[in-house]
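I am attaching a structure below and will ask some questions about it afterwards.
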Amino acid sequence: MSTVKLIEYEEAVPEVRAVYDDIMATRQIDWVNNFWKALAVQPALLRRTWEGVKAVTAAGALDPLVKEMLYVAVSITNGCAYCINSHTAAARKKGMTDEMLAELMAVVGMANQTNAMVNGFQVELDEVFKDGGRQT
Amino acid sequence: MSTVKLIEYEEAVPEVRAVYDDIMATRQIDWVNNFWKALAVQPALLRRTWEGVKAVTAAGALDPLVKEMLYVAVSITNGCAYCINSHTAAARKKGMTDEMLAELMAVVGMANQTNAMVNGFQVELDEVFKDGGRQT
Amino acid sequence: MSTVKLIEYEEAVPEVRAVYDDIMATRQIDWVNNFWKALAVQPALLRRTWEGVKAVTAAGALDPLVKEMLYVAVSITNGCAYCINSHTAAARKKGMTDEMLAELMAVVGMANQTNAMVNGFQVELDEVFKDGGRQT
Amino acid sequence: MSTVKLIEYEEAVPEVRAVYDDIMATRQIDWVNNFWKALAVQPALLRRTWEGVKAVTAAGALDPLVKEMLYVAVSITNGCAYCINSHTAAARKKGMTDEMLAELMAVVGMANQTNAMVNGFQVELDEVFKDGGRQT
Amino acid sequence: MSTVKLIEYEEAVPEVRAVYDDIMATRQIDWVNNFWKALAVQPALLRRTWEGVKAVTAAGALDPLVKEMLYVAVSITNGCAYCINSHTAAARKKGMTDEMLAELMAVVGMANQTNAMVNGFQVELDEVFKDGGRQT
Amino acid sequence: MSTVKLIEYEEAVPEVRAVYDDIMATRQIDWVNNFWKALAVQPALLRRTWEGVKAVTAAGALDPLVKEMLYVAVSITNGCAYCINSHTAAARKKGMTDEMLAELMAVVGMANQTNAMVNGFQVELDEVFKDGGRQT
């Protein structure tokens, strides 16, 4: 069970309800998932976190599905089961197929492998990659 | 300096040269970056790793740029400087703009934040997310 | 189930019992939690680990509650569920309120976010921060 | 070098300048560190991140020095050199002595050790710790 | 439940069956564990991954039991429960005793502790360790 | 530069000198590496940490070279450059060849890859692996 009491809509203070309402309106659903009910232990933390998530997952220079898959990639690397499941579900809703998920996993797997081997051999950065190729 | 001697093309055994050749042909460049020169300490490891990287970064159900950005997201979360720089450079070559990089970073930042908070509050997985939304 | 047999007090060798006794005396409780029962697979490992934990959580230049919250912060970042739950419980016993837990979580969340973004942009360390501000 | 161009005050757009001004006013200093100059690549990301950092490091139920030390503990666990140096410097400014730093490190060290051993032995959570001791 | 459907032998396509057959032949068992059944969502990913695991766990300059224990050490540090359990079981089958497991855990615990403290104090690398002692 | 002053032998208090002496005697060398000079900021932390490292790296049920390679595997997974370099150097001194290092790296690479994919697909633990195969 969570280490703080989950706050349901009915018992929530107005500031919390306002965030729950915006989550449901933005996502066009009629319920709020447990993560937000835990954050509601501190209404300001809930509001700030939701504003961040809402901003970074909105359409922009990157497609919302791409953003959701990036979210999954990070969650896998951190080993957060709740996050992997919830963002995989969100990505599926936005169109991710099993084939796309398999390719995502293949990239994430190889990235974790080569990250480890680069560290392990302490490979020096090639001159041309310095600054992430910004000036080349 | 790397913990194994980097193997240059000129001194490489044929099995290593074959991989270097394929890397250069696939990427349409005339040089090989240090990571591969370190892996060449064991030709079979070099070959296997290159086959993996080549396979997962090729076009498929996901766009090569998306794959490169997923690679960056994992590398950031693991804090691998070589990997962040080299894959950011690769993503730029494939069309990633500063605006796209900023959005990538915004997602990766929020994902690391919410991953931590989900863990911190030990939030229970909502029923609907079980199995990554596969059956809903 | 744990990958080694948990050793109960009744079946423990004297060296293990002595550690269990000291844990109970130090914490003023009459039971020992599972972590120690697993470490008892090797009495020397149990003793050394307990001495370390006992030393670092005792009052000193930092308050025991602050130390417990630092323990929680690390456990969250590592995603260790057992550790998060047990040290959150210990912090509550030492006086941590829900409000304090929420602030702890807010810091841990932002720290994980900005750590990722600093890595992601490969930001150069400002001169004034070199050596952790030791000489400024 | 950073993977995006650092934006100096003189060349910044008004939205960025406003954040820089608030950082300097809040911290009572006359300069801005590199992290913010990198985030300025996307003014909205800069603003949102600063608001988060400002909120979580302000005085509240926890002391600002405690918050800074929690920030250091997370940064160590993530291995972020920039973050460790900058937040250690910030903690020193807020009163952290060498003795306090040593105790912080001792806790962070033991926490990383016991986190690993709890994982390694796959220790089952004791009933009394479920929900972080919230109901006991 | 896993985020993709597990593919059983009976329903598998020939490319998948061939891998399952090789896993069973190599390990001299008559069943395949769930990990491979998940990877089967993309036969090429399954084949490539199995080839990698088969290659790195075979006898060579290092003993298979040593390799299995290295696998456990990494899995612990990443906090992957499935991996810890399955590779601990594999190591036991190859001869790891409780005493060896305890020593493995003791090393992994101390390594995680000192890794954190080295990071925390930002210790400069001694000249003699540069390049992993390759030239000394 | 390190975030605390490194304590040289000449300026050290007796308790610190005693540890430095034991490090040099145990390792049969005439110098002490920087890590210990940083820990000397708190003599008790130095002593406790050295006792732990000395104990876990001594010969026992596992060979000292195997222990050193386990240390390297953890250090790679945590991305600690100082630790990777110093423990790779120590392993070389104890007999690790380039071929053995390559095999170590191959295992560590695959382990990081499959750890990520197990997490990513949220694979359920097979019944037979429960408790790390302790009872089978």
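As written, the chain order gives the labels A, B, C, D, E and F, with residue 1 at the start of each chain.
Simple rule for what comes next: a residue touches a chain if its C-beta (ideal position, glycine included) is under 8 Å from a C-beta of that chain, and two chains touch if they have at least 3 such contacts.
A quick note: this is a predicted structure, and the numbers were derived from the prediction, not measured.
Both subunit D and subunit E are touched by A, B, C, F.
A turn of 120° superposes the CA atoms of subunit B on those of subunit D, with the angle given to the nearest 5. Note: the chain lying farthest from subunit B is C, by mean C-alpha position. A straight line joining the Cα centres of subunit B and subunit C is 33 Å long. Each chain gets a centre from the mean of its Cα atoms; for subunit A and subunit B, those two points are 19 Å apart. Subunit D and subunit F have Cα centroids separated by 27 Å.
Of all residues in subunit D, those touching 2 or more other chains are 1-4, 41, 49, 52, 55, 74, 76-81, 84-85, 88, 99, 102-106, 108-117, 119-122, 130-132, 134, listed in ascending order.
Of all the residues in subunit C, the ones that touch subunit D in their complex are 1-4, 33-35, 38-39, 41, 49, 52-53, 55-57, 60-62, 66-67, 69-71, 73-78, 80-90, 92-93, 97, 99-100, 102-104, 106-126, 128-134, 136.
Note for the complex: subunit D touches subunit E at residues 72, 76-77, 79, 81, 84-85, 104-105, 108-117, 119-122.
Interface of subunit B with subunit D (complex): residues 79, 84-85, 88, 98-99, 101-103, 105-106, 109, 116, 122. Within the complex formed with subunit A, the residues of subunit E that make contact are 3-4, 41-42, 45, 49, 74, 78-80, 131-132. Put simply, subunit C touches subunit F in their complex at residues 1-5, 44, 48, 51-52, 55, 130-132, 134.
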